[in-house]
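Here's the structure we're looking at; comments come further down.
Chains here go by letter, A, B, C and D, matching the order in which they are written, and residues are numbered from 1 within each.
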Amino acid sequence: MEKRIKLCMVGAGRVGKNHAQALTRHVPAAEIVALVDPAVEVRNATGEEFGIEKRDDTMEQAAEEIAFDAVVITTPTFTHKDLARQAAELGKHIFLEKPMAISIEECDQIIQACEENNVLLQLGFMRHFQPEFVEAARRIEAGEIGKPMLVKSLTHGPGLPPAWARDLQMSNGMLAEVNSHDWDAVRWLMGSNYSRVYAEVANLKGEKFNIDAPDFYDTALVSIRFESGSLGTFSGVCPCEYGYDARMEIVGDKGIMQIGEMKGQSIITCTNRDQGLISPIFRTWPQRFAWGYIYELEHFVQCVQTGEQPLVTGNDGRWAVAGVLAGTKSFQEERPVYLNEILN
Amino acid sequence: MEKRIKLCMVGAGRVGKNHAQALTRHVPAAEIVALVDPAVEVRNATGEEFGIEKRDDTMEQAAEEIAFDAVVITTPTFTHKDLARQAAELGKHIFLEKPMAISIEECDQIIQACEENNVLLQLGFMRHFQPEFVEAARRIEAGEIGKPMLVKSLTHGPGLPPAWARDLQMSNGMLAEVNSHDWDAVRWLMGSNYSRVYAEVANLKGEKFNIDAPDFYDTALVSIRFESGSLGTFSGVCPCEYGYDARMEIVGDKGIMQIGEMKGQSIITCTNRDQGLISPIFRTWPQRFAWGYIYELEHFVQCVQTGEQPLVTGNDGRWAVAGVLAGTKSFQEERPVYLNEILN
Amino acid sequence: MEKRIKLCMVGAGRVGKNHAQALTRHVPAAEIVALVDPAVEVRNATGEEFGIEKRDDTMEQAAEEIAFDAVVITTPTFTHKDLARQAAELGKHIFLEKPMAISIEECDQIIQACEENNVLLQLGFMRHFQPEFVEAARRIEAGEIGKPMLVKSLTHGPGLPPAWARDLQMSNGMLAEVNSHDWDAVRWLMGSNYSRVYAEVANLKGEKFNIDAPDFYDTALVSIRFESGSLGTFSGVCPCEYGYDARMEIVGDKGIMQIGEMKGQSIITCTNRDQGLISPIFRTWPQRFAWGYIYELEHFVQCVQTGEQPLVTGNDGRWAVAGVLAGTKSFQEERPVYLNEILN
Amino acid sequence: MEKRIKLCMVGAGRVGKNHAQALTRHVPAAEIVALVDPAVEVRNATGEEFGIEKRDDTMEQAAEEIAFDAVVITTPTFTHKDLARQAAELGKHIFLEKPMAISIEECDQIIQACEENNVLLQLGFMRHFQPEFVEAARRIEAGEIGKPMLVKSLTHGPGLPPAWARDLQMSNGMLAEVNSHDWDAVRWLMGSNYSRVYAEVANLKGEKFNIDAPDFYDTALVSIRFESGSLGTFSGVCPCEYGYDARMEIVGDKGIMQIGEMKGQSIITCTNRDQGLISPIFRTWPQRFAWGYIYELEHFVQCVQTGEQPLVTGNDGRWAVAGVLAGTKSFQEERPVYLNEILN
C-alpha cells in the first residue's frame, strides 16, 4: 500500500467539517494531522469532533510544528489567493474549495505559485467524482446522445448565505458561491468554453430576510452561448425553501440525458389520498453529493501519493471565475457579455 | 357511419353513473334511451344528470315501451343471473359488470341464455381496454419479457363496501367485489388458467368500522399456481385509506414488466424539505381507469354494430368466479384448493 | 340538453384532423357540418375519415351552402388574420389555432373584427385545459408554492417543420410555431406579462437536414424578465429526435412545482441489466395533450352554446405573438429587447 | 478515539471480498489482520487485493499466529455452525453471514456457544443498516402508516447460485440463500413473528441451465400469516436476468410505504422515441446495499469496541431459518405449515 498522506485542514467551518468527516471515515489513505482556523471555538469544536489534536491559527504555525504533505483549504473565497500561495511556497499540495478566487488575476497567481513550487492543485468541483455525473460524462463522451446542443443546470440551496457571501465585492455573490458548480459542470459536460453570457438576477426575498446589501439577489438565471455554438442555461436560488436541488439536463442531436433528481431516499408513503404520495427530498449538499466528496478527496490523496495531475485543475477553477465575472457584468450592464471582455 | 346503438342502462348507482358518463360524453355511436332501477330517487337523479327521459322499474317495462339494442347491467352481483337471462330472452345484447355472478352454475346459465338467444355478452373487465394494459399484453405476447413466470397484482380500493358486498353469502365478499379484476388480469396476462389457489384473509379494520358480519375481511392475499407451472399472487385491501391502487408486475424468463403506478396527475411539489416531494395519487377507480371505461364501452357498441364477438367473454367472467370460489374455500378450510374442486 | 353546435372546420391537415377526431369522438355537443381546405386531396381524405360530406375550397362557399355556428381554424399562421376576419364578418364564432398571427397589427385586426361582429374568439392554447396544468394553476393561485419567482418551460417536438414554418418571414419560425405554448403558459402561470426578453438561437441540425433558409434555427433558449420582477426561461428544439417533450417547473418563495414529465404510458420493463429500465416516452403532441384537446374544444362548444367568454382569449394570443417578436428581435440584434419596443 | 479492532476474515470469496472492501476503505476503526480460507488461490487473490498478509487454512492457525478481536464469517452456510462455535471458543466476537445455519438445532448451538463464551454475535442482515430501511423502520415505529397489515417483499438476484446452494440438503436452497433477507425484513418491519407459512415454488429455468438437482427451483412465492394477524408475502427469483431487485411495500391501517426501487443511478436518457426512457437498474447486491454493508460492519466494530449488543442478533438469524424450514416443508407437503411445527 502507498504511504499514508498527512493533511492539514485549513478552515474548520461547515465545508471543513464535511471534508474532515469524509477523510476520517472514508479515506483511510489520508490522515489529518493539523487543523488551522483563526476562530478558536470553531477550530476546537471541529478538532474535538474528528480527533485532530494539532490546532493552529495559521498554516505557517502548523507547518513549523508538524509535518504534512498537503492542505485542504475550505475558507472564504477572498482568502484563497493568499492561503494557496502560502501553501505552494511551503511546498504543500493543495486541495482548494470553489470558487477558486475573486478575480482572474488571483486565479493566475495561484496557478503560477503551484507551478513554480511544483505542487499539485485540485479544485473542489466534486461533481466530477459523483457517480452519476461520472457515468453521464462517460456516456456523453461515448456519443450516446450525440453532439451536445443544449444544457440546463440548476443549483438551489437552502440556508441564507453568510454576510460576506451576499456582498458582491467580497464574494461575487450567488453566481460564485452557489453556482460555481454549474459554471464548471456545463463547461465540462458540453466540452466547450463559454463564448458569451447573459444573466438576469432578482432580489425577491431580501426584504423578507432583512437584507439591505444593495446588490443582493437571491434568484439568478444565466444564459450561455458556448464556443461550439451550443447553448446553455442554469439557475440559482438561495436561500431555497424546499431543499437542496442540483440537476442537469442535456439535449444532444441524438437524444436527451437527465442527471440527478430531487428525490432523496427511496421511500414513498401515502397516508392521505387528498395529499398524495410523499418521498424524501435531498435536504442538504452533504447528503446530495456524499460519494462525490469522498471520491474527490480519495482522488486528491491518490494524486499526492502518485504525483499524477488531479482531474480537476486550476484552469477549471479559473474558467468558472471567468463565467461568474461575465455573468455579474451582464446583469449589471443589462447586456450579453463576451468572455474575451473578461479574459483579456 | 354505422347506425347509432340504443342502450338501456340497468342500474343507476355508482357504476351505472360512471358508464352513463363515458357513454354520453365519449361514445357518440351509442345513445342511452332508457334507465332501469327500482330505486326511484337514484334513478331520477341519474336520469336527470344524463338527460335520460325514459325511466323504469324493470327491464321488461322499458323494453315494452321503447326500442333498444342492448343493455348495460351494473346492478349488485346477486341480480346478474336473472337480469342477464331476461335481457337475453328479450334479444338484447349484454354488457355485464363484474363479478359475473355468485356461482359457476349462474355463470353457466348466463352463458347458455346468451348462446340460445344469439346475443353478445361482454364482461366489464375494463383493464383489457386500458391503454397501458393493452400495450403490456401486446408486448408480453410478442415475447418481450420471455415466458411469464411470476405475476403480482393488487387492487386496493377506498370506501367501505355496501352491506351486501361485505356478506359472503350475497356477494362472495372482497375477493369477488374488489379483486375480480385481479383474478381476470393475472389469467389474461399469464396466458394460463389457475390450477390451485391458496388464500389468507384478515379482518383488521372491522372493529374500527363496527362491522359485525362474522365472515368479514378487509385484507386478502392470494397465491396461485397456474396450469403452466408459473406462479402468481395478488392482494386486496378495502376500505383502503390511501387511495385507489391497482398495479401489476410480471417477471418472465427474459425480464420484468411493471404496469401502472400509484402516481396520478403528473405534478410534483415540495414546500417543506422535512416533508419532501408530493405527487397526486389516483383517488378513485373512475380516475384510474378513465380510458379503460371509455374504450370497453366503445368496443361493446362496436361489437353490437358489427356482430363481432367481444374481446372479454362470459368464459372470462366464469373463470374469475371460479377463482373467487377457490380462494374463499381456501381461507375457510385453511388449505390450498384445486380448481377442479370448483369446476367439476 | 343544450342544442348541438354546428361547426365548420377550416384546415384539413394534421391539426385539423386532431381536432376533428376530438370533436367527433369526444364532444357530442358539436357536429362538424363542413370542411374547408383548398387542398382537395387532403380535404377529401380528412372528410372521408370523419364522415364530413360538405367540403369546400373556401369558408364563404361553405357558409352559403350550409348553416353553422362557428369555425375551427387550423391553417398556417399567415392565413389566420384574413380567415378570422372573414369568419367574424360572417358572424361565426372562432376557435383559432396558435400562433394567433404574424404581427401585433394582425392580432389587433382579429380582435377588433370579433368585437365588432360580436363573435367569440378562443385561442388554441390547450394547456389551459390539460388536467395537470389546470390543477397546477389552481394550486399556484391558492398560494401553494408562494409567490412565483422563477419559471422554466420547454417544448421539444419531433418532426421537421414544413418549409413555411422554417421561414422567419412567413411564420416567425420556431419561437412561434413550437414555443407559442411556452410564451403563453409562462405568462399564465406566473400571472405577469413579460417586461424584457433575451434569446439565443442556434442552427445545429440545418446542415444534416439540408435546410438552406439563411435564418433557420433548431435550438432556442429564451430568458424572460416579468413585470412582477420574476424570471423565466424556456427552450425549443425542433426537430427533436427523442420524442415530444413539454414540461414546466416553477419555483415560488415557498416551494417548487413540476408539471408534466417525459414518461408516457405507465409501463416499465427491464430485460437487460446492462441497459436498465425502459419506459415509454410521449411520442407526439396528440398523445401528450389528448385531454387538453378534448377539453378545449368542449369548452369552446359550451361557450358558443351559452355565450360565455372563452377562458383563452385574443389577448392571450396577442401576448404570445409579442413575445415571439421580442425574442426574434433579441437574437437578431444580440441584445435584450423590451416589450414596449414591440407593443408601442 | 476507541482502539482499532483487529479482524480475521473467514471466507475469501464473493461476500468476503465485499466485506473486505467495505472494511478497508470505509471502516477505519477496523483492521483486517488475517484471512482464512482453505482455497489457496482464492485466499491469495483476495489477500493480495486488500493487502492482508497473514493468510491461513483455518481460524485456529490464524489465532495461534496473530492476535485478533473478532471474526467475519462469510463461508457457505453448512460450515457456519462449526466455525462460529470455534470462534466463540477462541473468545472471538462473531460477525456471521446469513443464513445463520442449516437447522434450528445448529442455530441454538451457535447462540449457546456465544453466550457461554461471552462473545458478541451479529448476523449479516445489512438491511437493518441500509439508510432507507432504517428510516422506514423509524417511521413505521412512529406510527406513520398505522398498524402494519400487509407486507410484500422480494429479492431477485442475478447469477446462477453455486451447486451447493442449489442443493436443498446442503443449503435449504433459494428460500435460504436468496430470501433470508426477506424472512428477516418482513419480521422486523411488521414487528411480529410468523405464525404460519405457505410456499409455492417452480423450476422454470432448470432445463435452460442444465440443472438436474431434483429439488431445484428458481422461482418462489411465500405467503405468511403473522402472530399479529397481519399478512405478508415475498418472492424469490434466482437466477434473475434483469438485475438485482430488492424492494418492500407495507400497507398499514393509515397508509402505504414503499421501500427501495429498481432504479440505480439517477440518469435518464432517451435516444429513440419508439424505445423510450432508459435508466440504470441496480445490477448487483454490492451496488444495491453499498451503505448497508459499510454501516453493518461499522456497527459490529463499534459493538466490539464498546461491548454493546449488536442490533441484529442470533435470534433474528434463528427466526429466518425457522421461516426457511417452514416454507420448505410447505412446498414439499403442499400445505400451510405452522411455525410451531418447526420450533418445537
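Here is the rule we go by: a residue touches a chain if its C-beta (ideal position, glycine included) is under 8 Å from a C-beta of that chain, and two chains touch if they have at least 3 such contacts.
This is a predicted model, so every value here is computed, not measured.
Any chain that touches subunit A and also touches subunit D is listed here: B, C. The greater number of contacting C-beta pairs, out of the two interfaces A-B and A-C, is seen for A-C.
Over half of the residue numbers at the subunit C-subunit D interface are used by both copies of the sequence. Greatest Cα centroid separation from subunit D: this falls to C.
Computed from the mean C-alpha positions, the centre of subunit A lies at a distance of 41 Å from the centre of subunit C.
Distance between chain centres (mean CA atoms), subunit A to subunit B: 56 Å. Taken residue by residue, subunit D touches two or more other chains at 146, 241-242, 254-256, 262, 268, 270-272, 280, whereas all remaining positions touch fewer.
Within the complex formed with subunit C, the residues of subunit B that make contact are 1, 24-26, 28, 51, 131-132, 135-136, 139, 144-146, 254-261, 265-272, 280.
Those residues of subunit C that touch subunit D in the shared complex are 158, 241-244, 262-264, 268, 270-281, 283. Those residues of subunit C that touch subunit A in the shared complex are 146-147, 149-150, 152, 156, 198, 200-202, 204-205, 208, 219-221, 223, 225, 229-233, 235, 237, 240-242, 245, 251, 253-256, 262, 334-336.
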